[in-house]
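Please find the structures below.
Paired with chain B in one complex and with chain C in the other, chain A is shared by the two complexes that follow.
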Partner chain A sequence: MTGKPYGDSTNSTSSAPEDSSLKSPAGSKYPASDVSRPDSPGGSTLQASEKSHTHSPAEEEVDALEKAALKDSIGKVCMIFIALLAFGLPLVIKSPTWLHIIILIYFYAYLTSSWNMVGGFAGVLPLGHAIFIGIGAYSSTILFLQYGVSPWLGMLVGGMLSVFVGILIGLPTFKMRGAYFALATIAFAEGFRVMVENIDYLGPLQINGPRGLQIPPLDIGLVNFMFTRKEPYYYIILIMLIAVLALTWAISRSKLGYYLNAGGEEPEAAMALGINVSRAKLVAMAMSSFLTALAGTFYAQFSLFIHPRSIISLDVSFEIAFIALIGGRGSIAGPVLGALLLRPVSDFSRIYFGDVLPGFHLIIYGVVLILVMIYQPRGIQEPLTRFYHIMADKQADRMRANRLESGVMKKEGSQ
Partner chain B sequence: MKILEVNNLTMRFGGLTAVDSLNLSIEKGEILGLIGPNGAGKSTAFNCIAGVYTPTEGEVRFDGQITKREKPWDLCKRGLARTFQIVKPFASKSVLYNVMVGAFATTDKRAEAEEKAINVLKTLNFEDKKDFRSGDLTIADRKRLEIARALATEPSLLLLDEVMAGLRPGEVDEMVEIIRFLRDQGVTIFVIEHIMRAIMALSDRIVVIHFGKKIAQGTPREVAADENVIKAYLGGEYGVS
Partner chain C sequence: MIYFIEDAINGILMGSIYGLTALGLTIIFGVLKVVNFAHGSLLMVGMYVAFWTVSLTGLHPYLSLIIVVPVMYGFGYCLQAVVIKPIFKAEKNVREPLTVIIVTTGVWYILDNMTLLIFGPQYRSIQDNPLKGKMIEIGEMMISVPKLWGCIIAIVTAVGVYWFLQKTRTGRAIRATSLDRDAASLSGINQYRIYNMTFGIGTAIAGIAGVTLIPFYNIFPTVGVLFDIKGFIIVVLGGLGSIHGAIIGGIIIGLIESVGPQFMTSTWTEAIVYGLFLLVLFVKPSGLFGVKYDW
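Take a look at the complex of A and B:
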């Protein structure tokens, strides 16, 4: 993950105890804290000499592995804890308003994670992802209203259509750099919105132009992806979010993830190393478009009303990018943290300033973005991940110390 | 057997002929040096051979096969790797990550790529820095990373574009050792270098170009004694850099 500190960085002169625990990456053979440093003051020298008299280098290695394993299980426990918390939340929070707000947080975290596959890993800045939300929402809704197809199936159809459109957009635009690419994606999304707004019928399909489509809540139930309560929506989007995070994690560790990162950072070098950069980006775009379209269907079923201005709007496209940039582009946790931070800002500014200052939340986003870019250019995920690693390291050390102590006592007892 | 044949290679940028009817070839297992004053067209020749540019005229044959229309990544898969004069590390990533990107050229499995990358780092005596952020490396180490990444793709021919520029004398000697070692491992080497001491010690043969044209070729001794070469380097506005 991007937030992980690498071994001793250039500033190895600083040697505070916290610092040394920070600098030891999980996989490194010799954590910084185990290397004796003559120049380091008091505490850590003591620690080092203590170690060197009880441990041989081989034992040190075993120690480090043991610690890495411990840290690994600490990570797992944390993850299970968070998952339990998320799944149990509706048992505590009963208010539909609150659930609604949380559902939208997950929804945006999901959207941003999907966006992240292109915007984060592939290193380009798409600003028109709302087009895929629109395709997803309209596909499933039209299929449901006119042909009685379950939105679950419509969701897949929308996903497929989006892949097609995503590749069509990606083919010419992935050759462009920076702002040009961003502008091109905006143009496609806006073009699509204007088209939808001006088409009442597309052949046999009723699109209804600017008035949008309403889904009458008649056959409530899982098959029709329609519920009167918020809880089912909560669990559906939660599961979707977990799935997309798992997928992102898998990709980031796979060949595709390496290729996307490399191609995004130094395309020429990547090509020389055997990477067809455009193709890797297209694969990412296809996945991203597909996943984003699924969210479109979710939104249609959640609000039971879609119209071009709300669903294919630049607002949504920009909000996704804001969340990604502020949370931490190209990281797995970034989109979730960004959504957790920004969505409430948006909701509350709409509640309190909505009438007087509509769009105020975007200004707040702008300010937050500037602050984050100045102080944490890799997003708020970075300090948080660092904090997590410090805590996990401390906890692992504590657990290991306890284990050693009880081991020694056992030995003494048996003698 | 010839691993690389360059026939009548010409590359023009608008009105400028950067490489002019260049002919050369490399035997398997050889170290061939390419030298010439600044702007002579050395890097451009490399870029044509590696598939970055489509030559205006002429052809390049790699491993017996004409490389027309082959892209850099295709050539890489066929065993041609190169480094860049201006190093291009994936700066936000660790050294290991960088080298693994190269290793993925020959495998789809992450564990295998990591193992290959570690092996490459070990051969280059670079393993101790595997967790360093590559953007934080010294120049010498960045050059070494360029080589490590290229090697991880398991090339049969390696193009090295000034991997010793900016290194201290001790580091240059180390780099010469590394390149010799790679040749002993069976990698054919085509090397651009300005540091005469190094290129003379290293190369089996040397080709000299000036204004895109080949002006001399032969053993280091022959080339050093060549009148045209001395003129090209000392005459007019060109100095040895």
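Take a look at the complex of A and C:
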């Protein structure tokens, strides 16, 4: 049910660029691979091409290796292209509304990637991740408002607190089976929300209960994590997203990734092999809650207003899970693809149909979710990854053919 | 003291209605082994069906049952047959398919927001309500009449469902499927038809709960969410799959909610309910009356 980290990771890291290029008006699939043509490694291919008229098994193997190397470089070029596109986007898009929408896409992609460490790799269904967003947002905001601590430091404090809470939640709940686990995480998040709503002062800390906390935008600057323009937020969340994707990629190829995957698919078999499944899950939970809390601080600084009903709400927890499930749970590209697909739907339907058709985007969410679950249970990343591989294969073949031709011509010329 | 008893009685009455809303959930879980996240929305649909039946035909609220129950049964039957069955077929060998939870969440979102789209966000309550604000006075205590009727309907429904499952042929087939779906299939029971019927019955019970709520409760598109989470708590408390567990779990929650505010702010009772829920999950996940891991 969950993805196999190893197999997926190789596929999906390289497919991440592909969809982003679909999104951007400037880049289609072809420019990306066209770029790769000039700088492809050419040294070794010449020797191989001389032999390639006859086909022995060993030569076929060489061929396959060569093709894999070509495909690899295509993937790398795609990724560099996408990264350049992402970093250059604010130079093209000046409208704050658009930037806001894109920032929220990255924000949800980040949240979902963090969720994915538990919900995807460990094969359970946590539906209460908003609790960590809340902890992150409240820790940094309270520290900043009352003690003047920079939100960057508050972010780490929130992350640490969140790890503590995450482990506290994980210890008893990971023993539960599917539905019970989902219900328990909901209860934790909702219980936390009710508590925040009811507490005005926790010792010396002012939580402000149901009224929420407002951050006055007085000292603007990097130290206080406050900016008047959207661009700094854009780059901060982009870097956070890239970092979390890299971390997910590293986990998926590490021992921990295999442990999680084994524990998610067949817990008994994994335990019989001597894997400490619950410890692996706890480590994943700790990382996931830490990263989610960082996003909470980001959100608090981005909107400068936090309110228990808006950030610790079930809706947020469910939206994260929806994006992961539609994108493809347990894969690296899935969360990004899911956020790219779903966030614009929600934003644009709110902008254009908000007053005529309230809740329209949630109907679309529901329909897409059901269709994906019935016809594409591993998420939309699967067909997109397959499509990417077909395209990359073709491109690699074409490049090889070109090179062989030129190699043959060179050879003839020298003779 | 007299207020305390009055609150307790009203809590028991309201709690049994909570139990009724959770009854459908527990039956669906017992047979399909799936937590139906859309159950609150089904309750909401039941409330709207009852509301429009009463408003358009002018029937007494409780007489609308003759229309609500078959409509809701059909609705649930079709929902299961069209939307959820494909998942079951795809994940045949998984005992508790998580994917189904996700699909029912999708159904929840669709139903709630469709209703919002069609009927708008306003709160509605039935006009010319013969039961509105009616009270029985016992000594100095005031007991709400529609809640009393709700309690009676809840108990009759629970007993009826129990009788149906124990005594009828279809009921036996449903119990057999809940115990072991493969063995049931081997003895000639059409597993998917039983699923459809069970889902229909669960939805019909949600409809009955909707009917008992409309005389004293507002109707709005997200009303289901309030009962959804409460429903989960009740069924886990009573034991997933247990019929009397659902009713008794409901009464416990109702009592906490009505008596609690005498000792603390009413919003804190909500936190206590969640706390109790987690406690039951950790200490005895099978609930007060659930058989371990099974019906």
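Here, the second predicted complex is superposed on the first by the 353 of 415 C-alpha atoms of A that agree within 3 Å, B and C clash if a C-alpha of one lies under 4 Å from a C-alpha of the other, contacts with A are read in each partner's own complex, and residues count from 1 in each chain.
The working rule: contacts are C-beta pairs under 8 Å (C-beta built on N, C-alpha and C of every residue); 3 or more make two chains touch, one makes a residue touch a chain.
Please read these numbers as outputs of a predicted model, since none were measured by experiment.
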Review point. If you stack the two complexes on chain A, which partner ends up touching A:Glu265: first (chain B), second (chain C), both, or neither?
Key: first
Review point. Is A:Arg398 in contact with chain B, with chain C, with both, or with neither (first, second, both, neither)?
Key: neither
Point to revise | Which of chain B and chain C A:Lys255 touches, first, second, both or neither | key: first
Point to revise | Which superposed partner A:Arg211 touches (first chain B, second chain C, both, neither) | key: neither
Exercise for review: Check whether A:Gly178 is in contact with chain B, with chain C, with both or with neither, and answer first, second, both or neither.
Suggested key: second
Review point. If you stack the two complexes on chain A, which partner ends up touching A:Gly359: first (chain B), second (chain C), both, or neither?
Key: second
Exercise for review: Figure out whether A:Ile275 sits in contact with chain B (first) or chain C (second), or with both, or with neither.
Suggested key: first
Practice item. Please name the chain, chain B or chain C, that touches the greater number of residues in chain A. Key: C
Study note, to complete from the structure: The intersection of the chain A residues contacting chain B with those contacting chain C is none
**Study point:** List of chain B residues in touch with chain A within their complex
**Key:** 50, 52, 71-73, 76-77, 81-82, 84, 88-94, 97, 100-102, 104-105, 108, 110, 113, 129-133, 136, 149-150, 152-153
Revision key, fill the gap. Within the complex, chain C is touched by chain A residues 1, 125, 172-173, 176-180, 182-184, 186-188, 190-191, 194-195, 197-198, 314, 318, 321-322, 325, 357-360, 362-363, 365-367, 369-370, 373-374, 377
Point to revise | Interface residues, chain C side, partner chain A - complex | key: 29, 34-35, 83, 86-87, 90, 94, 96, 98-99, 101-103, 105-110, 112-114, 116-117, 121, 221, 225, 229, 232-233, 236, 240, 265, 267-268, 270-271, 274-275, 277-278, 281-282, 285
Point to revise | Contact set on chain A toward chain B in their complex | key: 2, 6-10, 25, 27-28, 253-255, 258-259, 261-262, 265-266, 268-276
